[in-house]
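Remarks on the structure that follows.
Naming follows writing order (A, B, C and D), and every chain is counted from residue 1.
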Amino acid sequence: MASKLITIIAGVGPGTGAAVARKFAKTYPVVLMARNPSNYDSLVEEINKSGGKAVGISADISDEASVKKAFGQIAEEFGGEVACAAAVFNASGKFVRKPFLELSPSDFATGYAVSGHGAFLFSQSTLPLLLRSVDQSPQYPPTLIFTGATASLKGGAQMSSFAAGKFALRALAQSLGREFGPKGVHVAHAIIDGVIDIPRTKEWLQGAGPDAKISADAIADAYWFLHTQHRSCFTNEIDIRPFVEKW
Amino acid sequence: MASKLITIIAGVGPGTGAAVARKFAKTYPVVLMARNPSNYDSLVEEINKSGGKAVGISADISDEASVKKAFGQIAEEFGGEVACAAAVFNASGKFVRKPFLELSPSDFATGYAVSGHGAFLFSQSTLPLLLRSVDQSPQYPPTLIFTGATASLKGGAQMSSFAAGKFALRALAQSLGREFGPKGVHVAHAIIDGVIDIPRTKEWLQGAGPDAKISADAIADAYWFLHTQHRSCFTNEIDIRPFVEKW
Amino acid sequence: MASKLITIIAGVGPGTGAAVARKFAKTYPVVLMARNPSNYDSLVEEINKSGGKAVGISADISDEASVKKAFGQIAEEFGGEVACAAAVFNASGKFVRKPFLELSPSDFATGYAVSGHGAFLFSQSTLPLLLRSVDQSPQYPPTLIFTGATASLKGGAQMSSFAAGKFALRALAQSLGREFGPKGVHVAHAIIDGVIDIPRTKEWLQGAGPDAKISADAIADAYWFLHTQHRSCFTNEIDIRPFVEKW
Amino acid sequence: MASKLITIIAGVGPGTGAAVARKFAKTYPVVLMARNPSNYDSLVEEINKSGGKAVGISADISDEASVKKAFGQIAEEFGGEVACAAAVFNASGKFVRKPFLELSPSDFATGYAVSGHGAFLFSQSTLPLLLRSVDQSPQYPPTLIFTGATASLKGGAQMSSFAAGKFALRALAQSLGREFGPKGVHVAHAIIDGVIDIPRTKEWLQGAGPDAKISADAIADAYWFLHTQHRSCFTNEIDIRPFVEKW
């Protein structure tokens, strides 16, 4: 019997991560990773109650031992031969914005820790599972998606830490796309250019009118679309922004 | 009663145009434009027979009078208050590739005639119909999609005519996105980076393995996805290429 | 005797064109082209009086016959075997900015007429003269420079005419760079991102402090630098903006 | 008396670094940094013998303590109030190219260690000295230049480590340009797209003809040009490649 295909999502919070989890959980068992279990506990329960299967794993994606342990738990849960239909890297480091000369070395390293090193660890852990899926002739090409931001394309003033991480993430996505695309894994990078509509941003952009903040569900639809693309027709980069956004 | 929403596709041939027509015809009446009726005749018949509605109109998209006449025919067919759910500009000028010093002025103008001037005429004719649709609270945001190519981003040697047109088309798409996005019209530009799998390209890329040529149906899926995006989550540019493509 | 090398500049006005003319006139005889002789008359006199050699030619760079006539005059003046050290395309069409649906077809065509068609005519006329110079082992590689703008990279709202032209110009520059670079002609595209300090812009950007507008002489220095680059070290694209510019 | 202005170059080897040192040493005392003194010893001697002033400092640019010590030596040598006319970050991490799944975490970190973390340390150490120079109304705007590569724009297959570092470096350069440009410091990023002609590359590109490898002296000319640009006319990004290079 073929291994059951799963989806692994790193960086599950109240916005994109949760919406992607709900969307992919309609088709696949989902593994939700976040540092703090409070970020996924209720969602795991919600998915499991509604007929899906979800497993929450607490992990620091920028810590090698923690990531290793997390993927060990996945193997325990789903078997050592588990294969992956999709993996979504949605983690983001702490956002540091201050005058450059006031940044400590660890402030500057913050962006890269998650978006560079963390994305590397996640990619090395998921790619073998995605490749394993290629061999099983799955319905959709196995897919590795990275969440980027405006700062993936443009380094703004006082944004060097965040931008350095997001630029590095985009470099990784491109490099993996070129290496693993021909092996059948769809690697895509999404540039989310705007504010996502979550409880924390409720007071933001007041007065900008309806739909000025991005619907996390709509992002999840876009990620699902990327996953379902035919391998003759891969999209490697997509931008996403509200209709009112200046860009 | 609200006007019936239609889709208008310029540049219908055996590949992308036909696939997009079939896809959108499942939901909307479609108008198919091409210079030569042989490019759409059998498709119009196919769609009409299978329960959809299609109208073919012969038009030279780079000729103002011809475009005017075509949109007059649309008004006759669907009423003067017809509104548009989607408009797809898929026309491409004759592809001229030769040493720069051997290009005649009209060779060079070939690319722009369709991709610049033609896209302008098409946009000016469809945008009022797309805006009309905004007022009718349609299920999906009205959408204007332009088909680009590798040459939209890079001017290769001996490719100045084609690239100048495709660059100009991208400029138009960006400008319209910024002007009409906030008015509720989704403007998107797709970069098709590869060879499309149609009868004419049957002998191409032999030996590159299966799915090395882009499935036109998969492009149509992507265009439909763009059309169905929520307005808080517009994608303005998408790239599409086979998994084996170098880029 | 080797033909004397000349520099040809299209689009000479009070800003970049005049400054480039003064700079290159220190080394080469210069041909100044503009539609209106009032744009170059006093400059031609100034250069000739100060020991240089300048010839002014009235030409509409977007008109084939006019361009042909102008290059006929050049051949008469400098001999049929004249070779070119540098050619600078600095012409820009009339700047049209209005709501897209209010553009007439000829409004839209304005940008391309000069930046697309005009640049094509200028390139076809100067490249043979630049190639001729390659054979004469000149001190600096023969150079063809195109002046771009912010709109070369970004199509702003209501800017479709200007941006379509400037995008097309960039496509042409890239294509020529790739075709003629290996033949020894340096093709470069400069993105001027800001307001140039000329009499017409005197009242602009008041309050932005000193040097908030670009010095035309500094642009000329940049163009001269491009011209003097070693052929192992060509710059194909350069951006130029005041230190205070947001970008 | 105003402090004497100096130039600091990190990453001095036989190519770009040495050429930049020779060029800037004609005008400023130069500080040459490299891990291994053998990389600068003979050059320091050469410059000092020929009437310039050069100081070599052994430092690991990716190590905070080492960088701190190096800048302490600079203060000892030139005084605590020394100001900087130019600072050039030319260091590059070890180049790692292998299949992604064979990369160790430290392999992947290699690119960022120098191009990200090292560039951060260098920037934080030199910017105060560059800002100090602004107050002294120097002849040329103080300038901070970063050396990038083809991989600054494109993440190739098996190039994730190097590209992630170079992308991060570009993000830093953009961010600093936007923060410190308005303060009068010129920040520029150079994309060196080709093989530099040094002893180590002597056997490379045989058969590509003369000047197929980039002259390091020509790069130094470009860096000097960037340094001498008027502040109304800053170039923030420049590409450099041999005339024969495909791009």
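The definition used in the following text is that contacts are C-beta pairs under 8 Å (C-beta built on N, C-alpha and C of every residue); 3 or more make two chains touch, one makes a residue touch a chain.
Bear in mind that the values here come from a model prediction, so they are computed numbers and not experimental data.
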item	value
Same vs different contact residues, subunit A with subunit B, by half of numbers used	same
Longest centre-to-centre distance from subunit D, chain (CA-based)	B
Chain centre separation (subunit B, subunit C; CA means) in Å	34
Chain centre separation in whole Å, for subunit D relative to subunit B (CA means)	46
Distance between the centres, which are taken as Cα means, of subunit B and subunit A, whole angstrom	32
For subunit B, residues contacting two or more additional chains	178
Graph class of chain-chain contacts, one of line, ring, star, complete, other	ring
Residue ranges of subunit A in contact with subunit B within the complex	141, 178, 181-182, 184, 186, 194, 197, 211-215, 217-219, 221-222, 225, 228-247
Interface residues, subunit B side, partner subunit C - complex	64, 99-101, 103, 105, 108-109, 112, 116-117, 120-121, 123-124, 127-128, 151, 154-160, 163-180
